[in-house]
Amino acid sequence: MRIGYYPGCSLLGSSREFDESARAVLKALGVELVEVPDWNCCGASSAHILNHELSIALPARILALAEQAGISEILAPCAACSNRLLSAQQELEKHPELLPGIEKAIGMPYKGSVKIVNILEVLDRLKVLISVLTTAPFRKKVASYYGCLLVRPPRVVNFDRPEDPQSMDLLLKAVGATPVEWPFKTECCGAAFSVTRTDIVAKLSGKLVQDAVKRGADAIVVACPMCHSNLDLRRAEINEYLQKEYAVPAMFITQVVGLALGLDPKALGLHRHLVPVAFAETAGVQS
Amino acid sequence: MEAVIQRAKELLEQGEVKAVLGYAKGTGSARRPHFARQAGQLDKLVMDEACVQNLAVYVTKHEVKKLGKVAVVALPVTQRAILQLMAERQLRDGSLAILAVDDGAVKELDSASALEEHLALKAQVLNAKDKASLADLEAMDQGQRWAYWQKELSRCMKCYACRNTCPMCYCDHCTMDCNRPQWVPVASHGIGNLEYHMVRTMHLAGRCVECGDCGRACPVGIPVHLLTIGAEETVHELFGQRAGHKAKLDYALSTFKTDDKESFIR
Amino acid sequence: MNSGSHHDHHEDTLAWRIQQATGVKLAHCYQCGKCAAGCPVADQMDLPPCQVFRMLQYGLPEYDKRVLESEGIWLCLACETCSTRCPQEVEIPKVMDFIRGEALRLNLAHPRSRDILAFHRAFLDSIEYTGRLYEVGLVADYKVRSRHFLKDVMLAPKMYVKGKLGLLPHLIKNRRGMKHLFKHTIGKG
Amino acid sequence: MSRIGVFTCHCGENIGATVDCVKVAEMCKDIPGVVHSVEYKYMCSDPGQRQMQEAIKEHKLDGVVVAACSPRMHEPTFRRAAGDAGINPYMCEMANLREHCSWVHEKGEATTQKAADLIRVLVEKVKHNEPLHPIKVPVTRTAMVIGGGVGGIQVALDIANGGHKVVLVEKSPSIGGHMSQLSETFPTLDCSQCILTPRMVEAAQHPNITLMTYSEVEKVDGFIGNFKVTVRKKARKLDEHLCTGCGLCIQKCPNKKISDEFNEGLGTRTAIYVPFPQAVPNKPVIDTLNCTYYKTGKCKVCEKMCPTNAIRFDQEDELVTLDIGAIVLATGFKLMKTDAFPEYGYGKHKDIIDGMQFERLASASGPTSGVMKRPSDGRSPETVVFIACSGSRDRAKGVPYCSKICCMYTAKHAMLYKHKVHSGKAYVFYMDIRAAGKDYDEFVRRAIEEDEVKYIRGRVSKIYEEDGKLIVMGADTLMGGEPVVIKADMVVLATAVQSNDRSEELAQTLHVSYDSYGFFAEAHPKLRPVETNTAGIFLAGACQAPRDIPETVAQASGAAAKVVGLFSNEELTREPIVAVVNRQAAPVYSTCVGCFICQGACPYQAIEQEEIMARSGEVIMTLARINPGLCQGCGTCVATCRTKAIDLQGFSNEQLYAELMTL
Amino acid sequence: MRVLRVPCTGRIDYMMVLKALHKGADGVIVSGCHPNDCHYTSGNYHARRRWMVFKKMMEVMGVDMRRITFSWVSAAEGARWAQLVNEVTDQVRALGPYTEFRQVIGAGIE
């Protein structure tokens, strides 16, 4: 399998381990990634707040570059990126009158032919292979946390079901984990307020951490860099808000799958977490 | 050919048929239809590559019907036309002795069911030239097609040769002659010509046996057969039905499936 | 044949501008409150989403102004919970985006939106000049703009140690193209 | 030369406000063939009609165009009036100035011009009209009622008491419908079964009523007065004549854990069962999907136990064809299920139930004998949240309409709950309270004021489970949209009323129209509410739109009155809008060539063969002939005929051509 | 917009569409009950086949089929009908007069 790859900015910086683990896992599964040449930021949670056209032009440039590179399907592991790419693509499909302006801005033709997929969709296709190649089953109770952008708005992303989604749970089951039944799979973590309104993030993410632990989760599994940084980098603020030390780690789905495939925890970037993954070292030897 | 003449002779002499309809030499290399009512007239019969006309057009004529049972030298197109005419009750089953000639072999068929069986054995293939012409038409855009047909039809003088040579245009009272109301203007001008060919095409869609005689008959060389053959191909593509293959009427436009697929009706 | 829809458009109302820009018709909202009921930040908002819609439905300048000046519109996380569950399929976050733009344009943005705005502006500046988000630059820029110089001073070194903060920006090759892109969208002004 | 009169109607302001009717009448005078043209405020009024009749006589008119509203409304009126004035009624046509012009355009010269154009078209049509004469057909005076709920029972009883035979067809094993499942009924709180069962028994014992339970309509042919209906009698797997309904088989059936439909899955039943104790007929059926014998080939306990040897394992479905004169559809509704609510857990929480399940919990004959116990653990719920408009008025869920009955039954549910659990707390989330009806609003007020049910105006965004409680996240829009969280023990969703399963299929079988939600369409929303567009087929109850019991029963009696009215005739007259094959003098006889392609196109098998014979008896030609008793006048054959030998009376080639060439 | 009343889509002869164009109509709507929902049982199924073949024939002839709209609208769908008529009239207005066809009609006037 060969697939286009758009890592996005977070995966180069604060969520480097998502990039590392995604590349490691997909390589182990025989998937070849073709990175979009000279890609730019998708505008993420900022562009659409300030300017509608900009919020379309930035993703459109990425998709146009992918088209030029002959990519027909593109994986954007970051949930925010894949959401923005999909939104822009659909906006241009619905409003073709915007296209000339956008093409002028990006200085390239745009066809809209690239199919955008998220990391869960790609892993889901490889689920059988993953379960076959699992050498170190991840025998933990996990809270699968999808966040907002993977499943909402459903008419844009058209992925899984908008409430109580299942795809990540099934993947986790395939690698030996036990997903806990919990109601906050798609509640918001506070997203882009990580820097500006840390108080809100502490409260919203705090609710998630508290409930996941209450329901017995050993780890919270995510597929979105923003969710991860709020649950991991902001753990100090969360714990302060909750007045309790929560040590449950937040892990990327690719890290969990990577561990199950027996990959080196370091190659999966597990050492980069602020909340240590205490069982990472031992996970590999469990059976 | 010998075998055909031999058999025709027998039929005629034994009084099984009153006449034999086949091909004879015409001017130059052309072939013309030939009616033999006595054994002696059979020697003129020929059968070669140049025999192309669909002889079925003659067998529905009152004059021919009046004769009684007739033997017909029948190419595949003629066979199809005869079967379709029987399905449309224009020919009585058993009223013809069909001397089927295809690929050199001769086979005598005397009933609709025998015809149906015989025809089921061979796939109906469109000749390469017509196929290419239809593809050329398909490749044009709407404006080009319009211009093409307007140019072609501008030569039409409504001589009705295309209608008269068509075995399926057997109606005694054609729509064209209907004047209460006068749906299609009589004169051969823009709208009159356009509507005539549209109506002719619609009437033959699902009934055309694809002999191409209409195109050959046109004195000014308008490829009118592309319209009817094209429509017949459309019917086959859309509904899987073909004219001239069933003894029982199986006309695409008087049957339907509840799940007929189209994408343009809003 | 006329379509028969010849109502007066109150072109000066925010509701009308919203409909023009986003296609969302305010009248679709029937005030069931499901948006507020599921909104993760509704309890922090001075005007929860359904109240914003209620005020806009009047089409009166004083209510439009109250909406534009509210803090709540800046707290919307665009998490799309409301629009996913809205029985009338109203795209609320899209409307929030538009209202924020209008608040900025009309210089009515709530004072406490300053930080949030500072962040978004810093974010976009970063990508305008480098093509990709330069997180260190973003945070520094944000601090200057927001004057929260001490915020997160403890977090940055930790992140650096974990290899999560690159000190140099990632520059894309076609940075002129990026400038051009900004000029022809947000810079059209 | 034609002498045509044009009568332009203002329809009050309906046409007059945008069309200059006076000018239109003037303009029409110039149309060739028009000898008289006037306008009037209301042509359909008595003076209006009289004016037309007088003009017909005075000006010796031979054709009339009334330019007014849709012919669907007043065509019969004006044709009758024209007929009474001495011309053939079918020489009268209507130009629809209202729907096709005045309602859809603004006032102006162009609109007036268009009105005149529309009239011009119809004048040309009338010039080609032929006098036509109605067709008489006989009436079979037996009605079929499809659906044995309260509506169907009422229709059947009313027709039967009117002296006519009725066949009552019900798909489930017993009549009674949803009403037999209800605990109590609003606004009187009387016991539902107590008032329904006497009607069920009466229907069963009525000499004019034949019950066909466990039966479904398969096929309907024919037309008003002369339907042929094929009914599938599903195999009960027992001989109904031998069965005494003793119930021994049910007691002894070893398979007792089957989810009970009558109790909405809250209880269990056996494989051989009657749905509920008061079932009519009180004869069991074997559920072959769950019966041990049908699954494993062994058991037959019921057969061994049956004292009258009534069990028939080899019984097959039976198809019965009946001659029927009129059909009443009373097939009712279904409720949206709780699994249609993603935000409330896709139906995975056992203590989130729908309204009908609550009825069974509250019913004395229900699985808990009327004691409030929540399904998950049987505890008495201390806090119950009721959510009105669950799925209704919710276009995101595909139901933009109001389900109409939920406001009232939710108030009833909350009240019943409070009566059973005095210490309990009941909350109702609502959007509006729609309690228009006799004693309805008083009933809701009673729930709020006397039983202290807390009404909260807002929708619920999410429900999840935590520590054995259901966390209900709502908002109070009367407090500025403030989020409200209630920890409940049980949640009752007043889910949307939807058209019944397979209602569209049934509508197609009967050729009646239905709306995009699968509800059957009435012929006119105000004036013909119990009729369908198909003559001889009528409607009662919730198969047409959400309805409560009083409305259903009233509509049922209305439909019955229509049927009884129809049956008061020996013969029916039908519109002569039928197809004909032309006939001409010898030697042409007809332009029909006898290809019989039309036969395949006719939906009614109305096209026959006619042999034209010479004196010698020799068949000269075989032509198509159309049986006017079978032809319904769709005109499909007309459009299929190449030689234009077939024509449709009333919509003939000449008429349509004349209209088209006047456009 | 002018409306011609027929009992069923089955009655709609393609000649009527041709005559409407002949009389200078710039657009034609052909409409009736939804499949499966025919007041006359199956007239619209026959009509559907007829339209499928007719449309293709018109395309082959080079007729501008943006001007002919086929649609299913039931008697219970007033709003849908209004929307359809508005959309089609807007569309046909945008296309302007059907000059190509009118030239042919012009050629017919002797």
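In this document, chain identifiers A, B, C, D and E correspond to the written order of the chains, with residue numbering beginning at 1 in each.
One rule holds in what follows: a contact is a pair of C-beta atoms (placed from the backbone, for glycine too) under 8 Å apart; a residue touches a chain by one contact, two chains touch by 3 or more.
The structure presented is a predicted model; accordingly, all values stated were derived computationally and were not measured.
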Intersection of contact partners for chain A and chain C: D
Between the pairs D-E and A-D, the one where more C-beta pairs touch: D-E
Distance-maximising chain from chain A - centres being C-alpha averages: B
Intercentroid distance (Cα basis), chain D paired with chain A, Å: 51
Chain A-chain B separation of Cα centroids, rounded to whole Å: 67
Inter-centroid spacing, chain E versus chain B (mean Cα positions, whole Å): 31
Shared interface positions of chain C, touching two or more other chains: 1, 4, 81
Interface hub residues of chain B, defined as touching at least two other chains: 183, 253-255
Contacts with two or more other chains, residues of chain D listed in rising order: 104, 343, 462, 601, 640, 653, 657
Complex interface listing, chain B residues touching chain D: 88-90, 170-175, 178, 180-183, 203, 249, 251, 253-255
Of all residues in chain D, those that touch chain B in their complex: 588, 591, 593-601, 622, 640, 642-645, 653-654, 657-658
Parts of chain C lying in touch with chain A, wherever the complex brings them together: 21, 40-41, 44, 75, 77-81, 83-84, 91, 97-98, 100-101, 104, 115-116, 118-121, 123-124, 126-127, 131-133, 135, 139, 142, 146, 151-152, 154-155, 158-159, 162-166, 170, 172-174, 177-178, 180-186, 188
Residue numbers on chain A that touch chain D, as the complex places them: 161-164, 183-184, 211
For the chain A and chain C complex, residues of the former touching the latter: 9-10, 12-16, 38-41, 43-54, 57-58, 61, 101, 104-107, 148, 152-154, 162-163, 186-188, 190-193, 195-198, 200, 204, 233, 236, 271-274
